[in-house]
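The first chain written gets the first letter, and so on, giving A, B, C and D; residue counts start at 1 in each chain.
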């Protein structure tokens, strides 16, 4: 993606590199393109360096390249089949198949970045298994010849109730990166939410769309330097995005040890767990590096700031309690143009042992059901089957986001892989609806699911028998 | 089963072959009997082709045969023991033993077709383990010298409360196919329900019976072309069937990936998951192929249509909610001659995460107990022990169906294997009754089982605190 | 145990041999002592054959012996350590250690007979794990210097609240058999319950006692031929037994497949599962063979018969419901001299999925607590730790029985092994009591255990919303 | 630690050696320093032997040393990395990593002593997994830029709510022993509780502190010989300890079989399980040996005795029921200077199947919430993650103790290892607080955790329907 080889003087920048000094020094005097490219959103150099630090072009043939073993890019991304050793796309029958293939195709660093989650991966595993505990209740004698999976989210019509959740660094999976996902979404009729940490500029991602009126959302991490975020919002408005999704579940990055370990083991960086460790310094995994500069101090007041800098509908992402859902559904928040919330635990990458979104959905249903009438409620995390999607809808979700499955579809197969992931989901949704005796997503309701295995696990307000001390804590 | 080798011109038929064009073309110019035979109900050719497309007989010695490796038929079906490598029948002590042997005896395709279930096999596994969570409550000081396992279902007396559930393609297991099962049922005094997708014509199956008044049910998939179903019903009435069982839990086939994968891997067909996949075409697993032409649009009104075309009692199969059980027990439905319902999730082959039938039994017990007084209630799926049968009866079932166990008994052992499967079940039922202190099936009741481990998992109507939106969905 | 080699003519007896004809014929013309001895209670020949069928003595040096590989007796029974390959007794630290050693020491047939249980072993596993789900509630600041584990059961003082439950065929473990267990019990101050199916005559077992007033119970299987049982009871009374324990949980033997399989595999017998199997004939596992002649038709009325033929206190064994416990505690039953009940599922060898005795204990506690005031309540099955014993006592048991652990202690180590098993249990009980802050068994109560993990699983009467049909079944 | 080699005459002492005679005799005539040193608190010789039994110094070059294979000290304790084969400290990312490394670094005996727990390790495993069943409830839109983890326990300010729980024999891990832990605690701003069974004298441990006013607690096992305990308390007061922690959960040692087995296998000692075993004698594992002389007869009255012999605040350790917590919170106990309680099951090393401390915390919350207002409540056992700490605080704990993790940090890495363990915990606590939306430990409350998975398992008073017998037992 970097067309001309340029030489930079990064001496002054070294100490402020989020990935640590070692990562840069180990590549000094060499062509760093291959390492740099898939993990830095385009524009990073321009934003980080002064023009005076660009020393000028160099003849590529005169410089050393780094060894292939340290490459972050994955071997043999391609169409599948043949000599590459990955299975033909037609043999990928479900979303888990794509994860298995991705682990083979991706570099260890890319796999670690995508698959890792916080601490002991408990929330990630919980996300992945919780839908299996909800039973379906198929009805008989319904005419299900014509099943219609279409719905509308945030005023945009989509072919089935799925969107691609924001995920960083798609170019680790495939050179087409987030632009490839954009194309796949356009062709399959769904919507993409583009991450602030995408490995392509928003302009490049939007250029991947199939048509100019293909809807897309932009996910925002607010920076400590608000000016940067305001400038970004201006670009977002101009590019035709249809909503801004404000991420709230990661005021600090979770501890993704697999990500840290693989960086540790790499030749170019040395890892240590988190700031403040006496042995600190060096890099800290891609996850923590990407987080640099993100503000940890947002409050409800900041929605006013956001409103001032975008004309788009606002969606709040990362709600994990019924209290916060009810807060978001207050009149004064709705009047600021908040139209939806995404129940999410950041794919298990923020607080470990945070609840799976379906718990939060059920908690809202029990304690603050008015939310469903005032806001569109979305969920993401752990969706692997069409039945998962259908269950979320039965419980009140308007649509569900998929994160890793889209990246795994991209791995090794590019645009076609993402399309097949989406097609499989759509077909599984259709089958689930038919077997439930339902013809349109609007018909799906509480009567179609048996949630008894989870009912006893949903949060209840503690009923204290005594004590100022405890009440005060709440 | 096809006596004379005939040559057919299938050019015009190619595009309408449910199994895809490739499956046919790869056998062009060869003797396709061995591949064709066990997966096509006799009569398929006659129904599908015009007489003009039958080109005439051929001398078998002049044609090539397909290679044994691609054969669907299983190696060494026989009496067990000896050089075949399968254990002597007397060493098969329980139903699981038969499954283990079947996996060895059957071809990979046949095993995949029989053992596969939808998606992640969750419902299949749930079926197989749910009875273990119900505890027995043996009573002491009962004279159990004489235990009588006989009962009556749909007016037919049977030796013990078990019937063979409808399952397709029994000739994949053994050349005697469904006729062999008929003979075994006759000899052991139980009842067979013959599938529309049997690999023998109903006439051939009924010819396998031990006597002309051996009762048998016919399971019906209604075709989009109602005329075909009406013609079939006419034959069914004439053949001496004693009830029609209308299947309702599969308005569309479930996604049986093991079945699809093994077809994928085969030499003669190429698989893809389901209709509408852009890479589609070719075959899609035996399960989906068999389903072709089945109507997805039945409603309660269609019982009237069925009534018009059969004089037999009607049993509805595939109910999975108390609401539908209560619907079936309405006066207007009973008056149409509906005498029973089969609680079934299609052996886990329709909606994955559908409840095991015992959940539905308990749900009806809790929410619509009047059903037990108006209809005979049967269950199938996951029965592996006599104690399973006894538990179902304690909860209100009149009898239970076994599907895979009958096919596994047939695999490698033929009629004798099915007989031994039935004998083992009968003896286990007798033992369970004796140990419970019970002498007749009519004595079995709620007091003989402890279902506390399941009680909290049975569906309850959601009690909504608010909201038009949710109510509307119900 | 058979001192002089005698020759028998068993031609007429062949067809009535409970173990099948094949078992005998395969040993014809040889010295059958080694095969015959450990599985037949002494006196069997005398009871089964006419005097005329004893042909006379033979010179042992002139007859063939059976091959060692088919021997039922175990290799190297002895004191442990040294060349035998079994660990020194001092390294057996807990009851599970003894099970591991027993599996090594015993012949496959003996191990199969001891360790097998019904069907899928679900009740056996449940017995073994259920105590782990009950939590202890240790109290602090209690003076536990002097802990007294003594108690009294059925008027006999014992050193700690444990007895050896009746188990058949102890000579499969060690030549000292049940007499060895008697000695160990005497030395450790506990009580043995001797089985009708012991591999020694009651006279021989009682001779093993340490003193003449060492208490012992006799467990009775009532025979179809009541005269035989009456004769036996007369001997029992004369021998100084202190109670008769009437077994009620096995009116028919459970299906112990491991036992059947190992017989199947043996050279001298061929197995088939249960009576009535068309392939039947031959032997059926030791468990079923032993059961031959036992009556399946006892009723509450038979206690009067038993009372007539013994002067000893009567204990009923095998109760599994609160209803039957309440029946046993009725005035008319108490007046017949019934003083205690043993909650037991026959070590998982009768009805599979029967509840563990601790469930029944809790069920009685909830639904019929008066039973504890009228009868002594014992439990057996699954006891492996001193904490298990203490928990049973907290819930109301007066003492607990151990079955397999005593046999496993006997295996390889003889009397000393059983003594160590008992010593370990006593020490573990002492430790558990000290850590609970309790000095005597009478102090143990409901406040020392947290049973919440089980509370929701204990049987409740079903509350029916409707229906004559269901009520009628109860 | 023993500077000059001395020769002792231990003939008279032999029989009273808690570790058995064999352990001593096998080392007779050799230099026993290496075996003796890490498992005996300094001063043991002086306390145990008369002066007359010290025969005088010897030239070390003239004596035999024991073989390295029997050494209790671990191989290669050091800084990690390099030739030692243990990973660099910077690669230890979480507390489990340290456990893995410790198992490699420590001698089998040391590992067995540290890692072993009672009976079947059920309570140990329960401790380690119970926190995972509590879900976090992260709140959004909170300004968490500045998070303050500081708190105060027993009037001492600490940097974060963690203390090092008392654990014996730290010199098995590293020569710096408990003094090394003292230094690490000082540098990281937390508090150490020093064990009576430390492998260094209290004077030596306190000398390891970073400054003279670094707070420290002393854990007391009261000896049968109260005079010894009184003398010890005098030294404790003089040394600047800030509280006395009275251990109450181990009036007798638990049965730690792994510890016993490894002693059994050693060349110098032979094991048997517990006192009273007829094969007894010899040694019994380090755990039991250390316990020798500890009194099993403390009662609530003994707090008065303790008060008389110390001027320090008193903390009671080992409470496991709400009843005892309520007892400790009575006015008369508070007036004796009891300021806190530690809910603890001795790391699973006392009563197996005792509840994890978090159960007790919830039990107190439900049945005796006033305790939290009157006493500081601490917990220990099973803490492995910062989220575990945060959850305990949400439920009412003031701070948590870590035992094994500190020893595992010491293993192979010395002071730096313990520091890193503490740093990791502090950083994980900070991250958890930020992700919960909380800036200070005082804000953590019941609203931040979902305990529904445990709510049904917390002890409830049994509601008896009847019976004097049962009531009396309580």
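Note that a contact is a pair of C-beta atoms (placed from the backbone, for glycine too) under 8 Å apart; a residue touches a chain by one contact, two chains touch by 3 or more.
By chain, UniProt protein names: A, B, C, D = L-lactate dehydrogenase (cytochrome).
Since this is a predicted model, take the numbers as computed values, not measurements.
Look at the CA centroids: the one farthest from the centroid of chain C belongs to A. Chain B and chain D have Cα centroids lying 61 Å from one another. One inter-chain figure worth recording: chain A and chain D are separated by 43 Å, centre to centre, where each centre is the mean of the chain's CA atoms. Shown for chain D are the residues in touch with two or more other chains, namely 456.
Under the stated contact rule, the graph of chain-to-chain touches is a ring, a single cycle where every chain has exactly two partners. Residues 89-91, 93-94, 132, 134-145, 365-366, 369-370, 372-373, 385, 387, 394, 396, 419-420, 423-424, 427-428, 431-432, 434-437, 442-447, 450, 452-453, 456 of chain B are the ones that touch chain C when the two sit in their complex. Put simply, chain D touches chain C in their complex at residues 119-120, 122, 248-252, 254-255, 257, 260-261, 264, 270-279, 295-300, 302, 316, 318-321, 323-324, 327, 345, 350-355, 359, 456-462, 464-470, 472-474.
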